[in-house]
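Have a look at the structure below, then the notes.
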Amino acid sequence: MSTDAHADEWLLEARGVTRRFGGLLAVDAVDLAVRRGSVHGLIGPNGAGKTTLLNLIAGVYRVSSGVLRFRAQDITQHSTAKRARAGIRRTFQNLKLFSEMTALENVAIGLHAQTHAGFFDAVLSTPRHRREERSIRDRSMAVLHFVGLGDVVRARADTLAYGHRRLLEIARAIVAQPTLLLLDEPAAGLNVTEAAHVSDLIARIRDDGTTVVLVEHHMDVVMRVSDEITVLNYGRRLARGTPAQIQEDPGVIEAYLGRSGGNESAQA
Amino acid sequence: MAEAQLTGWFGPGAQPRRGVHFAALLVMAAVIALPWIEPDKFTLHILSLIAIASIAAMGLQVLLGYSGQLSIGQAAFYGIGAYTSALLTAKLGVPFPLALLGAGIAAAIASLLMVPITRLTGAYLAVATLGFSIIVYLFIKNEEWLTGGSYGFIAIPRAELFGHVLREPMSSYYLNVGVAAIVYFTFARIESSRFGRAINAIRLDADAARASGIHVTLLKSECFVIAAFVAGLAGSLYAHEVRYLAPNDFTFWKSIEILIMVVIGGVGSLAGAILGAAVVVGLPEYLRAIGDYRMLVFGAILIATMLFGEGGLAALCATLARRVGALLARLPRKLSIRNEAAQ
Amino acid sequence: MGALSLSQFVDLVVGGLAVGCVYSLIALGFAMIMRATNIIHFAQGEVMMLGSMCGLTSLWLIPALPLLLVVAVGMASSGIIAVVMEVAVYRTLRRRRVPIMNIITATVGMSILCINAARIIWGSEPLRFPELFATTAYEFGTVRVSPQLFWIMVMGVAIMGALQLFLKHTPTGLAMQAVAQDPEAAQLMGANLTRMMAYTFAISGMMAGAAGIMLGSMFFSFFEMGFITGLKGFVAATLGGLGSIAGAMLGGILFGLIETFSSVFLSSAYKDGIGMILLIAILLILPSGLVGLWQKRS
């Protein structure tokens, strides 16, 4: 049926999504269509509503109006945890790691929803508990190696260098092999080398089958790795297209890229 | 929170664990041997009370230290457990082991009333639990037909196991300490498990936990039920240890005492909960001079602990142990240097 | 549940309003501290209690002390005590940026400290205030009102009115409001945050002290009076909308009336329970209180 094909192609759709905070219209009737298997960049000047839109997709905020569809299902009223279990995972702009836990334990949390051992399993050390702990450990180790944190698996998260913390945040979000990954400024505050590493990582994540929505201020990261880009300004969609198209769109240049006369990579 | 947490197989290494296990074995041996070395009835009675209090404190530790929920209402479940067990044994002739279990279950069921409250956080949760505790206290005080009200509930039978009535202080000592040990080792197992990681994650960052698919409210509620259950067990043991219950034992002051045990002992440390119970219950008995000033001192210690480091007694002991360990580690070298010098 | 005669009804209303004024004053303290620091000051009830005790002590020392001076003593002592709490403990905790759970625990510790200090100093027996008011009832037409309750209401309203004037029409008051709304901006405009914080505690302490004198003279003073009443003040503040000054005042009056009327119809043994149930209900159903409801409408 055509709707299946439609759902196959468009993993995430936002239609007329609006979010108000009191009198402030943070997101204004935005349409978004994310192609399955792509990296979809979301850019715009500060205050354009990018993170708010991401939060709406993740379920942190409820929409004031509009519809969100994931895999052709209406998820508009679903809670954050429910969306996470359905395969939407995210990172946070301001890093929300579990500071007292090790890198390995942080990533293990990402697998909570895929496992089932509970209080009694732990107390009685049931086969399920032991089996899952082994599996969690192995998969978490693998992901930490994948992102490049193989040397620090047992370090406490709050002792890690900033660049490593950003990678850990990503590792935790991808360990459960999410269908859709929302990255909120994953390269914020990183130097050129680290940012390049993150770009590569995002590409590898996409190649592994995960669809990515990427909010970023580092223009080199966004342009390099995105398949498609949506530009927001003042809460509205300003433009949409391939990186090449966006870079040449006069409206975008005027509103965003042109203001500072070049790459705005020093943000955040 | 104590660094020793979440060491499981994820931990920073095997060495710290060995030390903790060794210490635990020493303590267990001492605890088991004690009644033969020092059979004084009063001492054993106090130690029983400490064990009982530590059970309630360990329950609160799961709530506060692990899942980060400040409950000032544990006395409600302690009281429900105590009166349930008293009623079951004294009025219905139920054998003690079933009454003990029944006490825990009654408290756990009552805690289901709290489930809506677990949506709350921080001080709002705290006052809600306080409010609940006060309601339960009022019920205990006013429903004389059930609880004896202010006249008290008297003539509670002694605990008995397998038909053998525990008449000797030594027997009830082993019962109380035994249950405390079971609770301790049960909760210790949580630390390196999916459940334990999840509730710690909730404490550290509930939003991030949610974003990873954790059902935050569900797990928070589970912690409440667990804490209520063990508080109920503690209440039952208390009822059969002192064999007389009065509503004044279950006011919000009791809830605060349990909180003090956890804070003084060290938020996040199970062993700390036991140490805290020992201090709060044991100290006033041995320092009669403190008597009236007991709560004043504890209030001051609470403030001081918040000001100067929240690791509590457990952290202090850990630091001490580390220093001693480091000292001991240096000894072989010192000895060998002396030998070389002698040659 | 028979019908109430007019005089009974009036008695209940007056009683409810009077105790409501007391709750409002305590609730105001909670609201102000919440706005400024984002914490629930557990020891606020104890501040009230200590003000009550100090006022009573002043009456023991000087039996002929006029009512207004007793209130002044109560307010001054509470204000000072609250500031001491802030300077000695809370300020340090905030500066260290300790987790909020620790600050809450510290206020609980402060509460325990104060209650037991009061018990040691003043004993555990309830203490009666000497007669501060006339005993013959005032008559307004067919309605008779006890002078004590009447003057308590008048004082309560006067103090709250003075507070509003202070907050809205004096430089310090405006600065305090600014600090509560946006500390950084206020600081950039020259406000001294530390001092404003101290003023906040001082004023909320003074409100509590006045409440303590009123409550003490209505019933009696004892070392534990702050705990439950403080909790009820918190319920009132939450009912109105925690963090809102107007909400605190409204919530207090409303709660006073609710409690007084329901204790007629329910067993008086469960009187305290009314507040607790209301508290849990509000936190679960209407966490932003009546003010929040009002704001949502507009």
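In this document, chain identifiers A, B and C correspond to the written order of the chains, with residue numbering beginning at 1 in each.
FYI, a residue touches a chain if its C-beta (ideal position, glycine included) is under 8 Å from a C-beta of that chain, and two chains touch if they have at least 3 such contacts.
No experiment lies behind these values; they were computed from the predicted model shown.
Participant: Supply the minimal count of touching-chain steps required to go from chain A to chain C.
Facilitator: When the steps are counted carefully, the minimum from chain A to chain C is 2.
Participant: Sort the other chains by how far their Cα centres are from that of chain C and give me the top one.
Facilitator: So the chain farthest away from chain C turns out to be A.
Participant: What chain is most central when centres are computed from CA atoms?
Facilitator: Given all protein C-alpha atoms shown, the central chain works out to be B.
Participant: What whole-Å value do you get for the distance between chain A and chain C if each is reduced to the mean of its CA atoms?
Facilitator: Computed value for the inter-centroid distance: 48 Å.
Participant: In whole angstrom, how far does the Cα centroid of chain B sit from the Cα centroid of chain C?
Facilitator: 35
Participant: Could you put a whole-Å number on the gap between the CA centroids of chain A and chain B?
Facilitator: For chain A versus chain B, the centre distance works out to 41 Å.
Participant: Give me the residue numbers in chain A that touch at least two other chains, ranges are fine.
Facilitator: none
Participant: Note which residues of chain B are touching chain C in the complex, please.
Facilitator: 64, 68, 70, 72, 116-117, 119-120, 122-124, 126-128, 130-132, 134-135, 138, 141-142, 252, 256, 259-260, 263, 292-293, 295-296, 298-303, 306-307, 310
Participant: Using the touch rule from the top, collect the residues of chain C that touch chain B in their complex.
Facilitator: Within the complex, chain C touches chain B at residues 39-40, 42, 89, 92-93, 98, 100-106, 108-117, 119-120, 227-228, 231, 234, 267, 269-270, 272-273, 275-277, 279-280, 283-284, 287.
Participant: If we count contacts the way the header does, which residues on chain A are in touch with chain B in the complex?
Facilitator: Per the stated touch rule, the residues are 58, 60, 79-81, 84-85, 89-90, 92, 96-102, 104-105, 108-110, 112-113, 115, 117-119, 121-123, 125, 129, 132-133, 136-137, 154, 156, 172-173, 176.
Participant: Across the complex, what residues on chain B touch chain A?
Facilitator: Going through chain B, the ones touching chain A are 1, 3, 5-6, 9-13, 186, 189-190, 192-198, 200-201, 204-205, 207-216, 222, 226.
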